[in-house]
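See below for the structure under consideration.
Per-chain residue numbering starts at 1, and chain names A, B, C, D and E are given in the order in which the chains are listed.
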């Protein structure tokens, strides 16, 4: 769980809209990639600096400006100036650790979501903040790090395949969102595999190490819930928005994306339930096993206690102990002890103690 | 619990509406059965391919096209073309693992529900996705596997019995939904029988095996809740829909179906409560029994501890131990031990320890 | 908890509105009792068959037709024909195991509630389904068994006492509902007495038998909640209904009935809370007592362990054990043991272990 | 927790509005005190009987008729006649055990709240039902017992201090309600003191008696929640009411009273949370202490077990035991035992068992 | 947790709007600081008394009157007179222990929030009540103690930096609120650090002291929830308010502040979840460790019990015990004991008991 909480402390007391670099610096310098397309034309290039955006704004094609890296404050500031973004929007883009949300500023719509990813072979899930600005000029997408989640979309635009080349920036926004949501399923399936593995293990061979895994997964759940629940509100906000930036034919796709966010939440809740049940099973199987041990051992100890007393009796050194000089005294003691053990055993059995 | 989660992974990044076969392939080839009827006429036949639907679309009778098997992508695509279905609808039909839901696309209404069934003698419950399309042309029903749940309806249409021949496709949709819901009751009654059996067992002869059954049923509950809760929203969506596809006289039947879905949810919740109580009873009876054992055994051990000490004393080999040479020393020790046991016994009894 | 779940299984796949006898057959034959009254006139008679209702329908008096026994399908069918009831309504009346609810069919209002009752001296509570039809012709009331809960109302109509003779069928419906709700209080007070008895017992002399009572009551709570919670919605539905069958002056009485249903729910919830607290008290008192026993016994055992070791030492048979031949060796051992016990005792006391 | 449940049983089956004395009889006879005032005039007197109210009704001053004692059914009936109260309102006034609520009857508003009080030094809290009728004629207040909670208001009216003399009956109603709510704070502060005392005790010196206090307070919480939660709805009902009986300038005061009821609920919920935490602390400290004892004792017992075995070995009477005749056999045994104890001790320490 | 509950008791029965000093007296005397500014002018001074405000009211600049210390009732009264505040507002300002809330009185808006702070090095968090009055004249801010949270804002106004000098009193109100909310993050980050520290400790080296920290943090959570949850309603109230005091351009800033309050709540809830999980981990690790100890010790004890019995047997003093005179009797006993131990050990191992 990357800790994004500390990012706000540095800013307490500063006026709203102050741009200072907060969050871990994750890439060396900011890269701006511009894709410009409509049904007929297509161009793709890396821009040298933010200023280069200025003249593009008025062309009639759809523009998709992808900004990777959020630490060059000047670049963000220039983009804000060129596209007329409110200082608070710039601040939100630059400040990672935002809750996913959607806000309609009239001229443009600002969407914040979380991208989930893994680092190498680690089990831990990290999240990266992705901000999208949908305006009449096209779409601006801001990523903390270089990512490949948008590659298939880029590929399809290049190849002029599917609906995307003919549709407007709202459809592009939907596609970007949908790519992020599809990515959730990949992460969740991995988590789900671990949950199911644990579910099998607790039934088959529960051992104390499993409890650590369960708690680790519960912590992951807290993290995932926090990152993914609000995405539903984001999509539902776009659906209910009366902005003219979203054309009616896109709504049906947003409804589909909404349905997927509901499925995401459903999966998380089902995994939580499954984990809780797994924990219950583990605890009751542990407790059963411990009881088993304690019971058998206690029964065994108890069987020997009277015997040890009996042999103690005949270890006493009294001068007058008539049993000691009996011919079959020793054998008699063994007989008495045998009967005692047998009686106790029978009693325990009848009580179903073991 | 069949795992439908993995079905999405293969599609991450692909554009919406892409038809690729996901989900387990359950039948060999797709079968299309067409029933065409109105108050006076009736015909029923198996169509050779999807193209055969094209000319039927304009006739004035009610058409019910039942599609069994969802793996022939071309066939689905053709049906989508002929009946003007949105690519997302086709994708939802082909992708099993959808949450039950209802969506009004204006020209037609798309309903997804889950059919529950058993395989042979197994206790486990499986679910199959059923999609219904209600349009002006009639009803399309998509099933993953050949099923017999709709047979009674087919039979009644053939026999021209009841209301169904005179009514429109909305009433047919209701009948199909109702058949699915009625089927839930059969499954739930079986589950309920097991719940009640467990409830009796925990009271009468609780043993550790029962906990496994309880947890198994709790897992089934998670599965059933996930599959059945949303059905209420489906029926309520149809009721509240302002679509002209649903005539007012059908509403009263939908209200009845809604009431049945509420009963289904009620049953699930009552079973959950009953299971929780059963688990509590089991745990407290286990804990009672363990305490019982531990207490009796501990008391017994404690009774012998002072006795063993006493006999140990007179097993010592001191030269000067006046008691050893007393005439009634041995008898005296027995007397002392008798009194000790009696006193402790009395004390334990007064403390109500056993 | 009578199990009404199985009543649906027999009907799966049949068309809606099919009348087949479901539920336990509880009376031998159906009895129809008609009371006809207005401010001035009154008549009461048992009808020979359903046909006899036909001519009454148009008279201007208030009619109250009470039907006891729901197994004569033909009779129900005839009543349905005569009073123009929808087949689904008839099905709901005949199928016990309905959730309490209210439905406005325009021409008439259909109300389903549960009547609670005891059988003889049994503690268990059973429920019987009561259906009321409020129409312009009067009120139809359907009971599974002969009951006496409506007797006081019948008595007052006969005696022309109170408001009921002057008011319309909506007021009669209110009175019947109110009688059922008043009856809930009698049952709930009995349950409440048991809850309070348990609350006292767990504080004063908790014993393991009590846990069985607590769980029994918790099961009763599940049953009562399921039967009584929806009644609030029933009354609130009548209140909010815009049906012309309910005149404004009756509303104030329905508001009163609504308040009573809220009190019923309040009582159930308070009893649930009280039971939970009682269970907690029981468990912590049990655990306290067990800990008490274990602690005292363990302390006692531990006191003797070093003593037993010491006497064991001097039971050894070494040839050279100088203590054995000391004059006061034996007395010395007793002294050492005395000091040991005293020291351990003091230590335990200081640690507040007993 | 005074048990008000039984008050309804006697009335089951009787028509609504029947006045029979239910609830404990708490005062000997009913006292009627009338205060009549406006900005200029003031009079206060005890009325001989209800009839005496009749002529007052039309005067233009504000009337406040306080009725103490609810057992004289005739008196209540007369008051109902004179002021035109609905029979159901009279029934609700006479039947203690009502849930707090507010109902607008058009001509007048009926408010039911609970007054909390203590009896002498007892810790237990009791509740008394207070009914207020706000009508154009003024305010009727019904109390079960003589109380002094309204004294300060009476005092201020007499002294013509503050706003109350110039304002109408709605403001008087607000003042009476506010006095009741202010009184809640006194009771809740006492309860809160006990909660905080317990919170300190569980941390400092937890002993088993505390659990009894915690459960007692939890029961009190159930009682307080039941009595105080609905008061918020009462005040909010007055605020939202569109009755002309409440003038706009009173609304600001009702909003203040509403805020106080929210604070009351807040306090109860905070106390509940604090109690739960206290219970958790107690349980974990008890469990810690028990584990501590068991562990130390078990370790101690275990230390002696091998020693007792060793001395047992040399207590055997075999003829050929070479160790017995060794010169330093006895000393050697002590050495072996010393080493054994030391090794076990070291092992336990390294395992951090004590 | 400072206890603000007692502040109400003194006032029970008094009329609303009575100003008596309640709450701890925290500063010696009240300080009034006036800042007057618009885009061009700026002045700042400490006022000698409340009267000095009177003439300022009509100037066209924005006024910010900061009042530190709430115990001089006369001063509050004068301020109330001058600015036309309702007596209830004054009462709320003077009575600390209010729930955060926002109320629109038409002419002005009253906002109550809690400021959190630490005293020196203490871990405990305290809260101070801050009341803001937004009127056409400007902003009144009331603090219990001298605080420095508003210093950065003061600094910026002085320096004529940023938006604040050109904007109206509503923007100033937003800035003051935002300063308070930013301050929450500082406190919450500290608490969060402690929560994460505990989370690490329970996994790495759980010891009983940690449970005390967990419960302390849980109590802090109760306190923080109570203070911070309602702030969301405050900001949302300002957003939804239709007051003309708030100009549209400020709304975008309030939405940002709203988002921050949602983040605050999110943080608290995440910390609560994390704490619960930490507690679960602690409890299961404690229980695991205890079981470990008990099991190993019990196994060890059990191993020696049969041995002690065997040596007891040959400590008996019977005259006829053939084994005693055997040449290898003693060695044989050791052999038997070795086999016994080995067999039991093997059995325990196979059962996986240790």
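Just so it is clear, contacts are C-beta pairs under 8 Å (C-beta built on N, C-alpha and C of every residue); 3 or more make two chains touch, one makes a residue touch a chain.
Only a predicted model underlies this, so the values are computations on that prediction, with no experimental measurement involved.
Colleague: Report, in whole Å, the distance between the mean C-alpha point of chain A and the mean C-alpha point of chain E.
Modeller: 26
Colleague: Could you say which residues in chain C touch two or more other chains, in rising order?
Modeller: Touching at least two other chains: 294, 298, 301, 308, 312, 315-317, 321.
Colleague: Which word fits how the chains touch one another: line, ring, star, complete or other?
Modeller: ring
Colleague: How does the ring run, chain by chain, when chain A comes first and chain B comes next?
Modeller: Once chain A is placed first and chain B next, the ring gives A, B, C, D, E.
Colleague: Would you tell me which residues of chain E are touching chain A in their complex?
Modeller: Residue positions touching the partner: 149, 151-153, 156, 161-164, 175, 178-179, 182-183, 185-186, 188-189, 192, 196, 203, 252-253, 255-256, 259, 262-263, 266-267, 270, 273-274, 277, 280-281, 284, 288, 291, 294-295, 298-299, 301-302, 305-306, 308-309, 312-313, 315-321, 351, 353.
Colleague: What residues on chain A touch chain E, complex-wise?
Modeller: Where chain A meets chain E, its residues are 3, 5-6, 8-9, 11-16, 86, 88, 92, 98-99, 101, 103, 105, 208, 211-212, 215, 218-219, 222, 226, 283, 286, 290, 293-294, 297-298, 300-301, 304, 307-308, 311-312, 314-317, 321, 323-330, 333.
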